Amino acid sequence: MTDPEIASPSAFPEPSVLATHSAATVRPVHDEFHGDLLEVSMGPQHPSTHGVFRMVVTLDGEVIVKLKPVFGYLHRNHEKLGENTTYLGSMPYTDRLDYLCSMTNNWAYALAVEKLAGQPVPERAEYVRVILAEMTRLVNHMCLVGFLFNDLGTSFTPLLYAFREREKFIDLFESLSGSRMMCNFQRFGGCRANPSPEWLGAVSKLVDGFPKFLDEYEQLLTGNEILLARTQGVGCLSPELAVQAGITGPMLRASGVGYDIRKADGYGIYPRFDFRVPIGAHGDTYDRYMMRILEMRESVKILQQALRDIPAGPVMDPKSRLRNFRPKPGEAYGRIEGPKGEIGFYLISDGSPNPLRYRVRAPSFVNLTVIEDMCLGRTVADSVVILGSVDIVLGEVDR
Amino acid sequence: MENLEQIRDRLLARFPGAEVTLINNPGPSAQHSLLLGLAQAREIALFLRDDPALRLDYCSNATGIDWPAKEFTDVVRTPVKDAAGATLRILEEKTKRVTPGFLEVVYHLYSMEKKHGPVVIRLRTGNRTDQVTVPSLTPVWRSCDFQEREIFDLYGVNFEGHHDLRRILMWDGFKDHPMRKDYVAPDDYEWEPTPHGAVLEKAKAHYPAPPPATVP
Amino acid sequence: MLGTGIIKGLAVTAKNFVGSFYDPARLVTVEYPEKQIPIPENYRNFPFLVHEGDDPIATLRCVACKICENECPPQCIYIVAERDEKGKVLKKPKIFDIDIAVCMSCQICVEVCPFDAIKMDQHFEIAAGNRFEGLLLHREQLAKPNSYYQKIHPTEAAEVDAMLTAMKARQAAEKSAKAKPAPATQTPPPAA
Amino acid sequence: MTAALILIALLILGSTAVAMSLRNLIHSALLLVLSWMGIAAFYLWAGAEFVAFAQVLVYAGAVSMIVLFAVLLTRRSRADLSIAPASLRRAVAGVLAGGATAGVLTLAVLRTNLQIAPSAAPTVTVQQLGLELIGPQVASVLVVGVILTVALLGAVVLAASDRNDGKEDAP
Amino acid sequence: MNAPANTNSLLERAPVMIRDWIIGFFPESLRWPVGALLAIAAMLAVFGLVFAFLTLAERKLLGRAQNRPGPNRSGLPFFRGTKLFGLTQPFADAVKMLTKEDIVPRAADHLLHFLAPVLVVAFALMTFAVIPYGRQLVAVDIDAGVLYFFAAGAATELAIFMAGWASHNKYSLIGAMRALAQLISYELPLLLSVVPVVMLAGTLSPTKIVEAQANVPGGLIPHWHVFTPWGAVGFAIFMVAALAEANRSPFDLPEGESELVAGHLTEYSGFKYALFFMAEYFGMIGLTGMGATLFLGGWQAPCAFLEFIPSYLWFGVKMLSLILFMMWIRATLLRLRIDQLTRLAWKFLVPLALINLGTAAFWSRTDSWSGPLQFVRWAIALALIVVPFVVIGRRLTAGLAPRTYRYAT
């Protein structure tokens, strides 16, 4: 139902000469015919911005002429806190970064510290970390798809189906780590507790039943004509601009760039598993939705392989130290493929128990760079959907 | 990917006037970095991005670091011997050496096309007070847009050539740069009688009299 | 053909509507006060102090070594050790406060405590009338018997008790061995 | 029956008079709609149900929207609201125009022989109305149809020409 | 009224008998006004209750479709522990709505701000006057009843504009403009889908239309308009347009909460908001009632021997099933964007409705065909429907299809 020639965003700005970027794509604003432009502030108190995020939108009728993201409302200077507590003390705070995927945040931080201190990790811990990371990816993608459909105007039905499945995974996290969302489970050199065989059995049973839920979900939504109309061709992002703007995760792969850190860096034991990385062709909101669905199917494959050949043994390296852990002076940048994109920790140690510099590279923060490029020329209703497809969590954006 | 020394030599060959020095990383992660002079930083960055062998088209992370001025006291001990060779007393000369502080911006570059690992480049400002300008790399990699604004906001590094340099996390009226080591937090704590020391003293100093006991 | 996607979607909602009457998987709400989900064993809420004997304060395992106070990231634990009349520090906490308004139940204090004196509780209905005094738990409210600990964390409690009895046996053996040749020396507290 | 007639007449005349006197354009537009409703009530009183409901549907439904949209979209800047200073020439022209129309109207009313309608007006069913329109009156129906399409095409052309100076098309 | 013999069962004539019994107490001159007042009171009571329990049904149906039980906590005021599966929920909501503070913005146009909800509910109620609920159960039997129904429906736009304009708020003005665009662009398909029914029934009076769909004594197949090709298409278009007129699910754009907060309802709270809410439900009841009357044979029983069940029950079943269908749609579908919504109306529904006029004309002309010609007649009619549907449908969804994806090497 969309008219291709509807005011689609003008030619993508030539990335190299950026200085003229903002002027080139904004139409002459105040000429006679336009009448006065309407400046609307969407957020920070708005039903569909995910958390305290604000977009100052300049509207000409329904069409967006200018869009400035404003955030920082949830800024609690996470990095200064990191500099004032010990390495172990920062671990529970990493749960609060992207509060939907605490396991992957913990793993990224643990990976960076292990790279900083050269700490080996036992075999079983690597498998447990892959299992937990892929479970977190499923949980996060379910949340994203649910919220995206809420922005599109369904009355909570897809969201509640997705949350019904998410609850089962969250309960497994709780029975393993003690808390549903704030797991604080990884330590430098392994995991805090050893998952019992019953727990692993419960995970494999849940994972085997997951594709059935996905099929029902796709039957409800993927073919829906209104969804096709509302999302295809909306918020297109060209591959060049995506790479140039440092977009990572499903949003990048939806634009056709097949870059997945699990394949590129091969950290942990990912090279042992065979899984495929789906790529989109148009880079619009529909592709980003389908990326998440296809990635969920790939994660199920990885989980089944990991659960099949997880070895026995300890999950914590005997030489790892909990208290007064002083890595030798140096710096390290560790990164993993989080559900939202590349989440990385850059640590500089000067031999003391507190890190000299503790930097978090949050995927949502960088993925927001192109929100204006995607929304120019679209209507207000589209901007809400495009923001939903970018999948931001304000705990991570504001740090 | 070729190692850092080869890249440095190619850069020196390509840009004769540039200062490109290799900074060694003592830690086990062995992620060494290249310190670039500010004059030709942007040309070098463009070269790193467009060179067919490197193709570092993705700047994953831009970080600000505050290196405050450090004081070293070198102690030189010269034993004073009497004629018979027995040491009478040791003469200690303490020489105070102060290394000037500076602000540093670190960029981690990756290649999405060739999928090879981090090349770390560092830019350093003159000092921490007036010479705090660094050429912005946002025109080269647009992913540094928000991250450079965050460094400007939290460290005070001024990025020349950035198309929209404003504060990003703190509110616009904020004056100081919170992530600097010598930042003093404002003393506007609400009365939070948590048992713990630091907060308690600061709160007591702020409010001499505790609030009237609230009826439970 | 236009409309088939919508019809398939309607079919899914209908299946869920009909399913919610007979299929438990399709009606997932647990009506809280009447019916409650069994709490998993590893669930952790706020810390509590373990004591062995019947007199809670005297038989606390905590020796006021303040390791947990230093390691706690939000620093919500406040310990003042007991002193006898001559001012010598006794191995008992005179004040042991945890401000559960600040505590984020991250369980680091449990990991770093060398004496297994502090464990995570599973009691979560703790609303209080006052934000300051109401949520500041003192030593008396925190102390709970070891039997309670065995009730809420059975497997973990079993390991801890086994480890403690083994250590006491070892200490007794060393003491008896040392008692014969020379007066018994205070064996150092078990290493971290 | 005449009591109802007087009431309806008062409603129509009263609302149009107040509509002209108000400063707030939106209020006067809404009072205008009230007067159209009054006319529909008059038709009902006269027993012509079809015309009454057509009147409500067309006027209260669509024409009122056009009037309100026109009021909203015209650029009411302060400048053009000030009425030119009262001059004699303008007053004379006003009186002449008013007098001429009043004369024509009274002439028309006097010339027609008004009989008081019999108590029960003949109920004309919609079917007879339809057959009448398609049968003898078919010419007038076609003419009205042509006029409407021409008006519609004119509006489209007008709207299209305004639009394509610089902007593709608003969604 | 060619009512067949066996309709004089007690239940069938009960409402009319009660009315005549009450009227009997009054002198002749007062008979008419009292009858009218009685009809009004009955309708308000019945539809007031139906509205209350429709809100509960909607929340229960939505809940069950989302794997949760829906409201089941509200009990009786003095019996503490009773749990009545949420039956008293509507009354609890009513009390809440009454006690909520009614805030009127200072800069608002107080007269219009107050008048808007009143008019919205008034026009919605006026449409109930002409719907035939039972054999003799129609409040006012006007000859041009259908036209009256759509005239009253069209007047609600005026009230929505008043609400949007009087709130003096940027969001509610945009919301009001959207609502008007939607209502006006969907009035046309609504009326066009009704024209074939009026054309073939030969009358604008709802009672006569229902009688046109009476079933042949002893016949088994119902003679409702929906079972003719042009009737099915007309009914489909009518239902889609009814969804839009009542601001229901895929078209609940004015209060698109994810974009413009609450559209023209932003500045309303307390009982005025409840009035708008009630007007939406009355609109839904009215539209489904008229839909049932025009296409599903109003109070006609599906076949002759089922006529012992009173006619108003048949009408109730049909109307409620259509309303439940609307709620089912709300539980599933996403919301359309404003330009897609208007494009759907002008470029899809209006052309199909016009072509449907052609099929209806063809259908009525070929009434006399019989035997094998019946199949030819049905074939031509179906072709006249399916071909434009597919052609316009394909042009409408040009370039939109579920995609297949490749994987990175």
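For clarity, chains are labelled A, B, C, D and E in written order, and residue numbers in each chain start from 1.
Definition applied: contacts are C-beta pairs under 8 Å (C-beta built on N, C-alpha and C of every residue); 3 or more make two chains touch, one makes a residue touch a chain.
Being a predicted model, the structure only gives us computed values, none of them experimental.
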item	value
Remaining connected clusters, assuming chain B were absent and nothing shifted	one piece
Longest centre-to-centre distance from chain D, chain (CA-based)	C
Chain whose Cα centroid lies nearest the overall Cα centroid	A
Chain pair, D-E or A-E, that carries the greater number of C-beta contacts	A-E
Between chain A and chain E, centroid-to-centroid distance (C-alpha), Å	44
Centre-of-Cα separation between chain B and chain A, whole angstrom	27
Gap in Å, rounded to a whole number, between the CA centres of chain C and chain B	40
Interchain centroid distance [CA atoms averaged], chain B/chain E, Å	67
Where chain E touches two or more other chains at once, by residue number	65-68, 331-333, 337-339, 396-397, 402
Residue numbers of chain A (touch at least two other chains)	3, 6, 62, 157, 161, 164, 220, 222-228, 263, 379
Parts of chain E lying in touch with chain D, wherever the complex brings them together	109, 111-112, 142-144, 147-148, 150-152, 154-155, 157-158, 161-162, 165, 180, 184, 187, 202-205, 337-339
Chain A-facing residues of chain C, complex	2-6, 8-9, 11-13, 15-16, 28, 40-44, 67, 71, 73, 104-108, 111-112, 120, 192
Chain E-touching residues of chain D, taken from the complex the two chains share	26-27, 30, 33, 49-50, 53-54, 56-57, 60-62, 64-65, 68, 123, 125-127, 171
Chain B contact footprint on chain A (complex, rising order)	15-19, 21-22, 71-72, 75, 77, 79-80, 115-118, 241, 243-248, 257, 259, 263-265, 327-333, 335, 342, 344, 346, 348-349, 356-357, 359, 361, 365-366, 368-369, 398-399
Chain E residues within the chain A interface of the complex	62, 65-68, 170, 174, 249-250, 252, 256-261, 330-340, 343-344, 396-403, 405-409
